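The following blocks contain the structures, represented as structure tokens.
One chain, chain A, appears in both complexes that follow, with chain B as partner in the first and chain C in the second.
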Partner chain A sequence: MKRLKSALRQGVWPWLCAGSVALSLLMLGALLALLLTRGLGHFWPATLDEVTLANGDIVAGEAVRELPLPDQAGNERLYFIGNRDIDDVRWRWVALDSIAQRTQPATLLRLERRTWGDFIGYLEAVDVNGQRITGQDAWQQVKQALRLPTLQRAQYQLTLRTPQGQTLRQSLATVLSAEAPNAMSVGQKVQTWGNGIWQFLSQGPRAANTQGGVWPAIFGTMLMVILMSVMVTPFGVLAAIYLNEIAHQGPLTRLVRIGVHNLAGVPSIVYGVFGLGVFVYGIGGSLDEWFFDEALPSPTFGTGGLLWASLTLALLTLPVVIVATEEGLARIPEAQREGAVALGATRLEMITRVVLPMTMPAMLTGVILAVARAAGEVAPLMLVGVAKLAPQMPLDGEFPYLHLERKFMHLGYHLFDTAFHGEDVQAAIPLVYATALLLVLLVLVLNLTAILLRHHLRRQRGSEC
Partner chain B sequence: MTRNRLTSQPFRHLQDRIATGLITAGGMGVLLAVLGIGVFLVWEAMPLLLSGNTNALTRLSPLAWGTLKAALMALLFALPLALGAAFYSGFFMSRQLHSRIKPTLEMMEAIPGVVIGFIAGLIFAPWVERHLASTLVLLIWLPLSMGLAGLLWHLASRRWQRRLPLSWAALWLIPWLIAMFMVALWLTPLVEQAWWGGDLRQRLYLWFGLDYVTRNALIVGLAMGFAVIPSIYSLAEDALTEVPRSLMEGAQALGASRWQAAMKVALPAAWPGLFSATMIGAGRAVGETMIVLLASSNTALLSASPFEGMRTMAAAIAIELPEASAGGTPYRMLVLAALVLFLFTFLVNTLAEVVRQRLRRRYHRIGGAS
Partner chain C sequence: MLASRHVDQTTQAPATHFPADQCCLNIEQFNLAYAGKLALQALTLQVPRHRVTAFIGPSGCGKSTLLRAINRLHDLNGSVTHSGSISLEGHNIHDPGINVTELRRRVGMVFQTPNPFPMSIYDNVAFGLRLQKRLAKRQRDDIIEWALTSAALWDEVKDDLHRSAWRLSGGQQQRLVIARTLAVQPDVLLLDEPASALDPISTLKIEELIRNLKSQLTLVLVTHNMQQAARVSDYTAFLQEGELVEYGPTDHVFTNPRLQRTENYITGRMA
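Coming up: the complex of A and B.
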């Protein structure tokens, strides 16, 4: 009792404060863990169930999740059953109480098809050159044939049977991949998993962004970020040198400096409005009138595009670069500058030979931070040139190779669009998780690089001074 | 050698002068371009303001309300957490832990808004809808359980106190919080069943006439709170650790406990810094677009209920501006919304910056001796 009293007197507030750190860490950890497990787990070949219900129905598919039944006791389970061409639904909820039997047959297949999405069922036979192969040999034949180029695959005709007993014929040319996950060993599963991740990173989206990969979005993001850093680095450094080395250090400069610092806090959507009004409608509209009037009224530069998006983001990240470079400039001891000038260097020589090499790491930090910010920014892009599905890449073999006026795809916007405007959000969510994971990893790695660089720089400077 | 120097000397000076001129012109140009954003927004919104069209202003008011509501909900959640975390890592955390935790929490700031919005809108919101009672209970239960951990610690034997010191509590409280989370999830449905006969959502409707929308202000508040915690935390922590050590040491030498010293000495000295951190957090919350877009229902409502959605100015700009034709009234209205956002964040940030600079000068004066 005495101890409790003393405990109450000393207070529990420090523990509440400690708890808030713990809670923040917990939320961050939970977010990352969720993204990692769901994002990477999607590519793991899932076991397929075949379930016989009490009323005689047969359902075969991948168990996705379980939820409590509304208004009753017990749970229900969501199955992905595929076969949209046959019964027009891809999902089915099954109450656990109604399940009579649950098996996992080794011959149950999952085919990824070019149209109609996945097929889940059995392989009856393969017809090739008038020959009919059935049974286990047929599956071996299909596995071998899938390595052939698409054109040669057309001579293979598959006879498939759905779990409910319907048969259908399918040309192998329209099948992208086939697997029998229940019969796979762990090694094979790991291999399939790796393949899945590689395809996600290297292929374009299919089936209204619910399948396939995100390569065009990765490419678009990278291209935009590179263009942006090409624009932002020289101007940002120029402005920082002017502010720190050349401008008279009076109240006006101080005011400008505060202004620039504060622009970093202005919401990104405001930059988007500026980009739309000035770059797209203003400059782009005038460019169209002067050079592309044969194409009017359909706009060339007068609509959102790669150039305007990277310019807008360059403007958005300019304060980041200026602030980081200025910080680096301010850390250089005055003696270095005085020494250079005393030895007869002009101001230009002092800046290019002494000051700039010493600020290099700070500049680099600024640019990396700018790139990290730009890669994660979506709101302004929605106004100045991002597309949900760009038919043409902005970089191709056609003159002038880099098409600055084209719309492009962006990882963040791809995520937003698939998650919110997709027709079958349920089917898209695993890919959205994977995209989100990719985006977060990209941004975190960039930030980590900047932090390490800054740390390194500070330690180096510390030993010098 | 001599000849070479003689010929190159004027050339070098000329080069220097030209380069200086170019840098000046370039620097000024960049600064003007950056500061030109404000000018552009005012220019484009001016016709609307001058025309005296009050219709546009009435259309803006639900958006302004939505913005305020979202920002307030976010701050309500983020402020206690961020300030508590700042106090803890400023005064209680071990140095070793501090050098790891601070960068980690600051990395939180880098997570793109679109990812947070996706998790909040598509994963978290349906979960909360199913576990509404548990979520509300958790909001109270988790802080209580932190205090409970403190009480238990005081009651524990010396050996345990040494094994689980306060300076490492940020780490060992994590499993405790997970356990408490589980307990709440397990107990609440039972209690809900016994007291309210099951569905809290129906009860809310019957008692208070509250509609429940899946993506609502509560979700936005939690998600956006998560996003602004790091910026508030980082600035507040800086303000607290910059309090001159001599002040804290003086208070502790006179017999104050560390918490008393933090509250009675550091807090009054650093409160302008904490205030400016809050302002910057508010600025971020007001302008955040993607989280609101994804995690709220985006309907322009004038309702104070935390279980209904809202549409903020930033979200309205993102949704409507691509469809508005340049120069039309809707276009100008959205530009006006952007101008309001710009002015608000710019003023708030300037205020915060000025307060911070003053504070630094004050610290310099008081702590000059140390």
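Coming up: the complex of A and C.
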């Protein structure tokens, strides 16, 4: 015991501290690495296997993972086989022992279709303008035709053959993309991978959020965060100025300050309940009665929407902005204020021309923290306006362009919904990783922007404060 | 032993009452209290125009408080009360009709630590001008050049007026602050230990500047440095515990003080 104590005194503390830092960094690195590999790996065109089982069955698809068999020795492998329109399953577990032959035919195709999900199989022939093309030419024809607009693609009729030998006919208009991953070079794979990522970022979701992209969710998150910042920044800054510059510093001010600090710790779902009760039902309900009574009983503002979600999050992040701004204000030397006043500035001029510009970095810090918190918040949004699938974007070309009453999609909620409410859990897993990665990156980008802005402001005045 | 020394009360007290045309600031029976605690007691003092008047005294004697009272900076602090009067050119500065911001423009103030604003040199000097009437850029540029020249800073900064003021040295910053104050053309310049945070060379520059500015305006200087007071001021007031102990021409106060207390302080024999 004595030796331990002396050892602690001598040199274990620095190691303990360094160890904590290392562990934190390691966990952060592991998290990011997991998100990066799983999230980005999803878009890599995977090799397709064709497996002949001992009992003669043929399974073709993408090998996803291997697990030990539940009741006997050996492993089993999960294949994504697609073709849900044929046999209504998209996944198949295959015991490794039962595999007689495993090949990777170069002609095996994977078609992404508008309905029924992916098709995995072979291309038999293409019919176009009464002409029938078969063999390798057919595949070249399909690749070219896929660049045409959808309407022109409708004249191409594909004859497809499943690995099990069934044939089906499919119009090219319903095919989104086609690839033969086994025949691809690395360069082509990288290109397909990049395309996949771009589509994920730029397209809307399909097939109950298990396919397609997350653009509406990105857009919704950004728009909501921007609206929230626009609302919270002036309020927070004004409140901080009042508390720090104008209010008489007494027990009441101290009490208010403690209150503000504690508001930051209120669980976010409580804000959600408040937003639902006050903003949605209270204010929104009244607005509907006064201005939109012709639409009742279907609510306009009396239901969750972009405006209420932004307001709720603004309320949630208000203490963060107030506290950060107040800290910035407290750091400004009294001499700066007196210097301005001594030159004949009124209190308002002193605040707007000297105090506020000097507080700008602190204010930005507050807004960064607020944005980071708001972008990742899900619980309160579920009560005040986020939607699983929003048919219309909250910002479009239709008057009044910004539709504050519309429901919107949000990355955090999209993540939650994809992970737990999808009909196909296996298909959702990579999307969950990709969405999580995107959410992290979004917050990172927002933070970086603000940090760069703050840095720029500091350099401009050549100061360190 | 020192206290028992006979003070020659018969020496003719030098005139510290000035006729109205020479008196810039007239402080009469001025009392000031922080939260009920008296900091200045029954101060009566006249500051002559176009002269340098130094306030000396131990820390906490109220000299800075008096300086700030002339600028009405105490208005920012709600717990300060005062009575008596301070008149600037015959007008009581506490009159309800007085515009405080206009008063502060006429009575400029320079603080102990240089406090340039976090903006460019140009914007610092233009700060006070921009608070007032709109000026043509040309006119403003002229005033800024004049102010910086008056503050003996023009030659050092004229090549890059848009550099951040915080990149200047301490002495340059203090001269910039003086230029900033001069730009609004005040009648009185209050200097609260303007050189106490500066190196000896910068201090000398500031002192020279103070002597040169005398022709343009009235200067009031608070300092802890006896040599500085002796070097630059025409009149010296010695304050102790919120009271005016002795006031007279600097030569008199330093070479032939009327009171033992003053002599002790000046010669450094007082704690």
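Just so we're on the same page, the second predicted complex is superposed on the first by the 417 of 465 C-alpha atoms of A that agree within 3 Å, B and C clash if a C-alpha of one lies under 4 Å from a C-alpha of the other, contacts with A are read in each partner's own complex, and residues count from 1 in each chain.
By our rule, a contact is a pair of C-beta atoms (placed from the backbone, for glycine too) under 8 Å apart; a residue touches a chain by one contact, two chains touch by 3 or more.
What you see is a predicted model; the values in this text were computed from it and never measured.
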Mind working out whether A:Gln336 is in touch with chain B, chain C, both or neither, as first, second, both or neither?
second
Quick one: classify A:Thr346 as touching chain B (first), chain C (second), both or neither.
both
Chain B versus chain C as contact partner of A:Gly277, first or second or both or neither
first
Quick check on the superposed pair: does A:His248 touch chain B, chain C, both, or neither? Answer first, second, both or neither.
second
Is it chain B or chain C that touches the larger share of residues in chain A?
B
In the superposed arrangement, does A:Glu50 touch chain B (first), chain C (second), both or neither?
neither
With both complexes overlaid on chain A, does A:Val354 touch chain B (first), chain C (second), both or neither?
second
Taking the superposition on A as described, I'd like to know which of chain B and chain C A:Ala239 touches: first, second, both or neither.
first
Which chain A residues contact chain B in one complex and chain C in the other?
346-347, 349
For the chain A and chain C complex, residues of the former touching the latter
248, 333, 335-347, 349, 353-354, 357-358, 460-463
Tell me, which parts of chain C touch chain A in their complex?
71, 73, 76, 78, 101-102, 104-105, 108-109, 111, 113, 115-119, 127-128, 131-132, 163-164, 166-167, 177, 180-181, 184
Spell out the part of chain A that touches chain B in their complex, as residue ranges.
3-4, 6-8, 10-29, 31, 34-35, 67-68, 235-236, 238-239, 241-243, 246-247, 256, 258-263, 265-274, 276-278, 281, 315, 318-319, 346-349, 372, 375-379, 382-383, 412-413, 415-416, 419-420, 425, 429, 432, 436, 439-440, 443-444, 447-448, 451
Chain B residues within the chain A interface of the complex:
12-13, 15-16, 19-20, 23-24, 26-28, 30-31, 33-35, 37, 40-41, 44, 80-82, 84-85, 87-89, 92-93, 101, 103-105, 107-108, 110-119, 121-123, 130, 142-143, 145-147, 149-151, 153-155, 166, 169-171, 173-174, 176-178, 226, 229, 233, 257-259, 280, 283-284, 286-290, 293-294, 314, 317-318, 321-322, 326, 334-335, 338, 341-342, 345-346, 348-350, 353-354
